[in-house]
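Right, one structure below, let's go through it.
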Amino acid sequence: MHIRFITTGGTIDKIYFDALSQFEVGESQLQAILDEALVDFEYDVVPFLQKDSLEIDDADRARLRDFIAADDGAYYVITHGTDTMPETAEVLAGLEGKTIVLTGALSPARFRTTDAVFNVGMAVAAAQVAKPGVYIAMSGQVFEAGAVRKNRAENRSAATDRN
Amino acid sequence: MHIRFITTGGTIDKIYFDALSQFEVGESQLQAILDEALVDFEYDVVPFLQKDSLEIDDADRARLRDFIAADDGAYYVITHGTDTMPETAEVLAGLEGKTIVLTGALSPARFRTTDAVFNVGMAVAAAQVAKPGVYIAMSGQVFEAGAVRKNRAENRSAATDRN
Amino acid sequence: MHIRFITTGGTIDKIYFDALSQFEVGESQLQAILDEALVDFEYDVVPFLQKDSLEIDDADRARLRDFIAADDGAYYVITHGTDTMPETAEVLAGLEGKTIVLTGALSPARFRTTDAVFNVGMAVAAAQVAKPGVYIAMSGQVFEAGAVRKNRAENRSAATDRN
Amino acid sequence: MHIRFITTGGTIDKIYFDALSQFEVGESQLQAILDEALVDFEYDVVPFLQKDSLEIDDADRARLRDFIAADDGAYYVITHGTDTMPETAEVLAGLEGKTIVLTGALSPARFRTTDAVFNVGMAVAAAQVAKPGVYIAMSGQVFEAGAVRKNRAENRSAATDRN
């Protein structure tokens, strides 16, 4: 089992720079999460984008799909901002033999209380266990691509059409 | 989707009592973990045992199997000490139509750094995604029952026979 | 012993709003810090400003000085952004019978790792122990007003003239 | 300013050993606390004892007093179990030219929520600001030696005779 993590930015990776007095997307917090979880599988981390997901556009998504299609891996966890995670998931659908799980967080991984660690745990398990396809792991649930939209008002994910 | 959590004790639930100046297994930390993870699925928590897993015996395991066999649920996450988690997993094998995931932690959930949150996230995802059967979610990996033993020397799980 | 906490904003109180995808100064984290510290003295918290300290101007400082001068308290802890903490400290100098300690943090109190808790602990002790005057508690040190400037390059406080 | 930290054990330093499934006093958590607090003063740490404070006896206290009396430092912070902290404080009283602050915690420094960080912050400030003497920094308060006893029932410190 080898999992390739692909980071694209989003709240999960938000960090804070004192000099600028603002939050910015920086180096992924993934490594710290995996170290603390004492994981014992092979993986690497590909820093692909550092964008708030509202700024990820069609060209970015096409590049991401091309990257995975040409890549020799089988298991992927993608960290992604929650706002447009479903859109990216749909673009990635249909890549044969690939199990792809997108995850993110509603509060930054650096916070004292955060959903980031739990969500990455879910994504890692789903990547290993699910049959090939594209999934979103958020809010304690694993959705198939096309079955989720962000419920901004309630600040959590909700299935729109879950079978 | 309804997940039934069953707590049996173990390091994940260890807490500290000042009066006695020693660690004891107490109320499960599960609720706090699920709250922080902002989970949005139905669940309940059944406090079944409060034992270090070295003290869980055959009678306990038989009672646990009977409880699940007679229960109307389909998805279970069991928190369990790591020392005898594989033994309990094997006793639970073969219950038709049940997806059962055991998980635990090498350091208590109350610690500042702990694998507990990640592991429960893995277990929740595996319970939803895996086909019926018995699994162990530890060390970033999801094992089928019978395929894991605790590697005490290295302080992490290791598969003995993983296909 | 009654300590009056006055919050003015700054990094220590920075929180993160998902909707805006940016950090903003919000409700003070002081209450959470004092609860966790199991403090056993009387206090109240006066929310005075919610500003990054670079935006605190002379009028704000004059209002703050007037507030404390007219107030019946003797012991004050003021949370404040680090950039202009020395300027505010100097404006507050000379109020007879008042022990005033300014503190803040280089990373937000909500972060998993932060200097905020330690710094508030220092400020609470200094307010109780020091003779009347104005002090800054940062970087593990208690400075008298006029003896500190922020060393931005090194990201910590440094005394310029400490007797 | 040079502060000499002396560790004697107690809850603040309790750690957890998986192999033994019990809490034990181990390497002090002081270093981690001071690093996170970004302290900028000179200090060293003297590991003097590793005992629950109920096990600290008169001989230990005499040795501690002798050590400090013969030592060339002026500022001391002693981490100590809370049960007999007042007894040790009294034995240390009367050492001329020494400012000695004892502190500890009701929950271990390794816990996610703990009073340890705040308390060490208080002790560091008190050591710098207070006039020579022996103090206890706990529960958000700085007491002079002889003025505190542990209120076990309420799980916090209470002054018995505070001037």
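Going by the order they are written in, the chains are A, B, C and D; count residues from 1 in each one.
The rule we apply is simple: a contact is a pair of C-beta atoms (placed from the backbone, for glycine too) under 8 Å apart; a residue touches a chain by one contact, two chains touch by 3 or more.
Please read these numbers as outputs of a predicted model, since none were measured by experiment.
Student: Moving only between chains that touch, what is the shortest number of steps from subunit B to subunit C?
Tutor: 2
Student: What chain lies farthest away from subunit B once each centre is taken as the mean of the Cα atoms?
Tutor: Taking each chain's C-alpha mean as its centre, the farthest from subunit B is C.
Student: If you average the CA atoms of subunit B and of subunit D, how many Å lie between those two points?
Tutor: It comes to 38 Å between the two C-alpha centres.
Student: Can you give the whole-Å distance between the Cα centres of subunit C and subunit D?
Tutor: 25
Student: As a quick test, compute the distance in whole Å between the mean CA positions of subunit A and subunit D.
Tutor: 45
Student: Can you list the residues of subunit B that touch 2 or more other chains?
Tutor: If we look for residues of subunit B contacting two or more partner chains, we find 106, 112, 155.
Student: Looking only at which chains touch which, which shape fits best: line, ring, star, complete or other?
Tutor: Shape of the chain contacts: a ring, since each chain touches exactly two and the loop closes.
Student: Write out all the pairs of touching chains, ordered by chain label.
Tutor: Once each pair is checked, the touching ones are A-B, A-C, B-D, C-D.
Student: How about subunit D: which of its residues touch subunit B in the complex?
Tutor: 11, 14, 16, 18-19, 21-23, 52, 54, 106-108, 110-113, 152, 155
Student: Would you mind writing out the residues of subunit D in touch with subunit C in their complex?
Tutor: Listed in rising order, the residues of subunit D that touch subunit C are 1, 33-34, 36-41, 106, 113-115, 117-126, 128-130, 135, 137, 139-142, 155-158.
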